[in-house]
Amino acid sequence: MSAPSLAISGLSKRFGGVVAVDAVELQLQSGELHALIGPNGAGKTTLVQLLSGAERVDAGSIHLDGRDITHVAMHQRAGLGLGRSYQISSVFAAFSVLDNLALAAQARARRRWGCWAPVAADAVLFAAARGTLDAIGLSARAETPAGALAHGERRQLELGLALASGASMLLLDEPMAGMAAAEAERMLALIASLRGKFTILLVEHDMDAVFRLADRITVLVYGRVIATGGAEDIRRHPDVRRAYLGEDQP
Amino acid sequence: MTLILFVEQCLNGVQLGLMLFLLAAGLTLVFGIMDMINLAHGSLYMIGAYLAATVIEATGSFLLGAGAAMIGTGLIGAALEVSLFRQLYRRSHLNQVLATFALILIANETVRMIWGAQPILLNMPEALAGPVEPVEGFRYPAYRLAVIAVGAAVALLLYVMVVHTRLGMRVRAGASDRDMANVMGVDTRRLFTLVFAIGAGLCALAGAMLGPILAVQVGMGENILILAFVVIVIGGIGSIRGALVGALLVGLIDTAGRAFLPGLLRHVFPPTIASEAGPALASILIYVLMASVLYFRPRGLFPARG
Amino acid sequence: MTSALHVSARPGFALAGAILLLVLPLGLLAVDQPFYIVLASRILVFALIASSLNLLIGYGGMISFGHAAFVGIGAYTVAGLMQAGIVSAWLAWPIAMLAGAVLALGIGWISLRTSGVYFIMITLAFAQMAYYAIISLKLLGGDDGLSLGGRSALLPGIDLKADLSFYYVALACFAASLAFLHRLINAELGRALQGVRDNETRMEALGFPTYRIKLAAFIIAGALAGLGGALLANLTGLVSPSLLHWTQSGALMIMVILGGAGRLLGGAIGAAVLLIIEEVLRDYTIHWQLGVGVVLLAIVLFAPSGLAGGLAGLRQRRQA
Amino acid sequence: MTRLIAAALIALPLALPAAAADKVKIGFMSTLSGPGAALGVDMRDGFNLVVKNAGGKLGGLAAEVAVVDDEQKPDTARQAVERFTKRDRVDVITGVVFSNVLLPVLPSILESGTIFISPNTGPEDYAGDKCHPRFFVASWQNEDVPGAMGQKVQDLGKKNVFLIAPNYPGGRETLNGFKRYYKGGYADEVYTKLGQLDYAAEIADIRAKKPDAVFFFLPGGMGINFIKQYASAGLAKDIPLYTPGYSADEDTIKAVGEQLVGVLNSSQWAHDLDNPANKKFVADFQKEYGRLPTMYASQSYDAALMLDAAIKAVQGKVEDKDALAKALRTAKFDSVRGKFRLNNNNYPVQDYYLREVVKDASGRITNRTVGKIFSDHGDAFASKCKMG
C-alpha cells in the first residue's frame, strides 16, 4: 500500500469538559471515497473543522500527502489541496453563482494581489468557472445571486466552490443535508462522478447513500473511532450495531 | 510627593471613575443585552445635565434638580427606546453607529435651540460648597466627597440589583443569551425599555453631579462618551462589575497622568512641553490599555458571556 | 457582461462628469464667485478621503472608526515637512501617502485580528491614541496645531496658492484615485476583498489569506487617506489635532453611508451631498446640524443602501 | 448625480446679491459657544452698541455686520474667513477672542487685503518684526495686562508664586508678561489644556506646593470653574489669588459672586473710570443689555469707535484699503479708557489700572479701581517693528 493521502493520528479536541474528538486515528488512501458516520454529536463536524484548520488541535497530528499540517493555517491547507464544503451552506450571497465559482477559480490560480487588470476580462478563469458550473448543473442560474438560490441549488454551489478551488482532497460535510429526494439523488450522482478524481472524506447521515458510495467507512461515537472498514464489515460490526440499534452485546 | 497629595489625587481619580461608571453602567447593559452601539448615550448625559440645571435654577434645590433630571431623562430614554432604538437592535452595527451619530447632532442642536450656545455654570449646593477636614491637616472639597459617596452608593445598589433581584437575573440572562431569555419567558421588550430608561436616568445623575464641577454645555457628552466606551470595552461588554473596575481604572490613570506625568516630564522638558505632553500621554495610556485588553482578552476583563 | 460583480464605467457618464468638473471653476470665475471654487476643492478632497474609507467599509466590510487618523497623519506630514523646509509636492505628498500606509499597516496589523464590534472599538482606540499623540508633540504644534507657511510647490509655473490651480490638482488627485479604486475593485484583490466582506471563513477555506488581503486594503485606504490629508492641509493652510478627533471619523463614515457603501461613487456623492447641505443650511440657520442629523437618520432608517444605492435601485425599477 | 451637484454649485452664487458700494461690510467672527462664549457675546454686544447708537451706521456708511461663531476652533474659523474674504468680500474683519483661533487664520486675512482689528487678543507674533499695516489691536498686547499684575505682585513682596494658564499662545504670553515684571521665585508653572474645566489635580498640586500667591489666567468658563473649585478646596483663605482682569470681570463675578471678593486684578479699563465716553458707554450698555459691561465689551466698543472715526476720515471710501488703514492708525476718537493711541506697531499705548473686587454699599459685588500701575505703557516688542 502506498503512503496515505491523509493521515490522522491521535487527534483530540475538547470543549471545556467535553471531549469532542478523542484520539482519532484515520488514514485515507489517494482517490479513496471514505465515509464518516456516527450518531448526532459524535464529533464528525468537529473532526472536519480540525482537518480544515477552522479549529485548533489539542493533541495529535494531521498529515496531508506526508506533510505535517497540524498547525498550518486554514488558508494554507487549502493551498495544499485541502478543500471542504459546509454542512450549512456557506456561499457568497451577494455574488452571482458564476462569480462565486470565479472566485474559487481565482483561489485555484492563487491570484490575489492584482490591483489593475479586471478579472472579468480573464477568459481562462471564467472558462474554468463555467466548467464547474456545468458540472454542478447550475448553468441556468449563472447570473443569479447566490443568496437567491433555492436550498438544493445552494448545496450544489457549495460543493462547486470546493471543486473549483482546485482541491485534490475534499472534506464534504453532509452535502445532502436537508435536500428533497430528487435533489439528493442528483447530488449523489455528482459525488459519484467525483470518485477516483479526488480523495474524499464524506460525512453523511444518509446511510443508504454512504453504503452505496463509500470505499471504506469509519464510525465515530462520542468522539472515538469504533470501527473502520468496508461496507459489509461495518454492517456486521457489533459495536456499530450497538451504537446505532441499541443492541446489547451477548 | 507627600502622602496627602497622593491620597487627594487618588480621591480625585475615584471621583472621576465613579462618574464614568454611572455613564458606563447603562451603556454596557444596552450594549451587552441589546447588542446595540449607542453613541447617543452621551447626549442623554447632556440632556440630563440641562434638565438638572433648569430645575435647579428654577427651584434652587439641587436634590430636586437631580431627581427631576433622572426621571425626565429616564422618560426621554424610554420614549427613544420605544420609538427608535427598537428598530435598530436587529440592524448592523454600522447602521446603529450612524443612526445614533445622527441623534447626537439632533440632540446638540435641539439643546442649543432651547438653552442657547452659552454654557450654564451650575453652583454647588450651598452646604457642600466648602471643604471638609476628615483628617487633621487634610482638607478635601465636600462636594467631591459627596459625589464619591453617591457614586459608590449607586454602584453598590446596581450591583445588588443585578446580582440579587429577579430583575437583575433577567438582565443577566438577557446579557448572556438573549434568545434563551426570550424562550424562558422573559418579556424582553419591556425589559429593554426598562434597562434603557435606567441607563438614561444614571446618565442624568452623572450630568447633574458633574454640572457644578464641569459646565453644562452643548457637546459635553462627546468626549466623555468615548471614555465610557473605553471603560466598557476594558471591563467586558455587558458586565456591571467590569464597568466598575474599568471606570475606576480609567479614572485613576487619567488623574494620575494629569497630576504626576507633567511633574516627571518636567525633569527633562520645559513646562509648556511637559504639561501638554503629560495629560496627552495619560490619555494615550488609557487607549493603550483598551487596545491591549482587546488584543489579549477581547471579551474584556470580566466577560459577561462565556 | 458575464460577471455581475464587475463594475463597468459608463463612458458617456464619465465623460460628462469630467467635462463638467473641468469647466465648473471657469464658470464660477465667470460669475465672479471664487469662494465656490474653494468649496468645490474641499468637496473633491473629501470625496477622495471618503472613497478610500468606502474601500474598507463598502468593499471590505471593515467598519473602521478611526479613518481620521490616516487623514491626520497625511496632513501633519505635509505641514511638518514644510516646517522643515521641504515644500515640493512631489516629495511631500508621496511621503504623506507613505505615512498613511505605514500607520495603516501598524493599526491594521493589530486591529484586523479582531472582528465585529471589537474591530470598531479598537480602530477608534488607535485613532484616539494618534489624536493624543499629536497633541503631546510640541514639535508639531501640540494643541495649537501648525499653520502652513504656504502651499506645496508642484511645478514651476503652477502656483497652488491660486484657488484655480489647486482645484485642478485636487480634481486630478481625486480622478486618479477613483480610477485606481475602480481598477482595484474589479481586479483580483478587489474581488477577493468583496469575498472576504461576504464570507470570510469561506474565503479562508478556499485558500485566500484573508488577513493579509484585509491588511492590504487597509494599507491602500490609509495611503489614499494620507494623500487626502496632504491635500486638506494645503487647502486649509493649517493642521490641528481636531483633524484626528473621533467625530471626524464619524463624519467620514456618514459620507460613505450617505452616498452608498460599496458603490464606486458612494464616497464622492456622500461627501458632496453632506458638504453642500452644510453650506446651504448654514446660510439659513445656525442650527444646520439639526437638518444634517434628521437627513442622516432618515437615510439610515429608510434607505440604508445610501443615495447611490437608492439611485441605482430607481434605475433598475425603471428598466424592469 | 455629479451633474446635479455641479448645477447646484453654479446656481448657488447667482442667488446671492451683488455687493453695493454704499455700505461697509464687517465680518464679526467670535467665540459664541463653549466655555469662552461669554467673552464673544460681550464683544459682539459692545460692537453692536456703537452701530446701534449711530443708527445702524459706522462713519456715516450703512454698516452690515455679519456675525459668525468660530466655536473656538481654528478650522471653523478658517472656513468662516474664506466666506468673508472670498464670498462676502467684507471690508474689515474683527471679533476674534482667542489667539489660537486668530493666529492660524490671520495670514490669509491679511493676504486677501482685508483689514483686521483685534478687539481682544494682541499676539506677540505680530507686535514685533511681523507687524502689519492692516493689522490693528484695539485692546492690548498679550503681555501688558498680566505684566501690570506681575508688577503689583512684585510690589507686594511675594516670594513664591504658583502660575497657571491654558496651554495656547495667549496663555503662554500671559505668563511671560507676568514674569517680565515679577522677579521673585516660583512654586510652579502649570499649563492646562485649553477648555479644561476640572482643576482637581492642579488644585491638589497647589495645596501640596504651598505657594504664597497664585497667579492664574483662565479666560471665560475655565476661570469661573477654577475659582469655585479653589474655594471649595478651602484654599481661598490661605493663598490669595491674583489674575489679569479677564478672570475677575463682571461675567465671572456674576457666576462666582462672594468667592471673588478681595481679589486684585489688573486692567486697562474699568467701568468706574471717570471720563464722559466711559460714563455714556456703561450707561448705554446697561440700558441695552441689562448688565455691566466687561473689558471685552469695552475693547470691542472702542474698536467700533476707531473704525467709525477712520471711515469718517476717508469720507466713506472704504474700497481704498490703504487709505482706510492709514486713517485707522491715526483715528481720533474718545476711548472709554481715556488716553489712548496706537504705537508704531498698531498696538495700543495706554494706562493700566489695579482693580479690586468689592461688595459696594448696595451689596452689589463689582470691580473698583484702586490705583494705576503703568502709565502710557507700550508693549515690549514695538521696537522690533519696522513700521514708521
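In order of appearance the chains are A, B, C and D, and numbering begins at 1 in each one.
The rule is simple: a residue touches a chain if its C-beta (ideal position, glycine included) is under 8 Å from a C-beta of that chain, and two chains touch if they have at least 3 such contacts.
Given the structure is predicted, the values throughout are model-derived calculations rather than measurements.
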item: Maximum centroid distance from subunit B, chain identifier (CA atoms); value: A
item: Rounded Å distance, subunit B centre to subunit D centre (Cα mean); value: 36
item: Subunit A-subunit C separation of Cα centroids, rounded to whole Å; value: 42
item: Euclidean distance of C-alpha centroids - subunit C vs subunit D, Å; value: 38
item: Inter-centroid spacing, subunit B versus subunit A (mean Cα positions, whole Å); value: 50
item: Of all residues in subunit C, the ones touching two or more other chains; value: 142-143, 286
item: Where subunit B touches two or more other chains at once, by residue number; value: 112, 272, 276
item: Per-residue multi-chain contacts in subunit D, two or more chains; value: 69, 167, 193
item: Chain contact topology (line, ring, star, complete or other); value: other
item: Each pair of chains that touches, named by its two labels; value: A-C, B-C, B-D, C-D
item: Residues on subunit C engaged by subunit B in the complex (per definition of touch); value: 57, 63, 65, 110, 113-114, 116-118, 120-122, 124-126, 128-129, 132-133, 135-138, 142-143, 246-247, 250, 253-254, 257, 261, 286-287, 289-290, 292-294, 296-297, 300-301, 304
item: Touching residues on subunit A, where the partner in the complex is subunit C; value: 52, 54, 74-76, 78-79, 83-84, 86, 90-96, 98-99, 102-104, 106-108, 110-120, 126, 142-143, 145, 161, 165-166
item: Contacting residues of subunit B [partner subunit C, same complex]; value: 35, 37, 39, 87, 91, 93-95, 97-99, 101-106, 108-110, 112-113, 222, 226, 229-230, 233, 237, 272-273, 276-277, 280-281, 283-284, 287-288, 290-291, 294-295, 298
item: Subunit D partner contacts - residues on subunit B that touch it in the complex; value: 1-2, 4-5, 8-9, 12, 15-16, 112, 117-119, 121, 123-124, 128-131, 133, 139-144, 212-215, 217-219, 255, 258-259, 262, 271-272, 275-276, 279
item: Of all residues in subunit C, those that touch subunit A in their complex; value: 1-6, 180, 183-184, 186-192, 194-195, 198-199, 201-210, 213, 216, 220
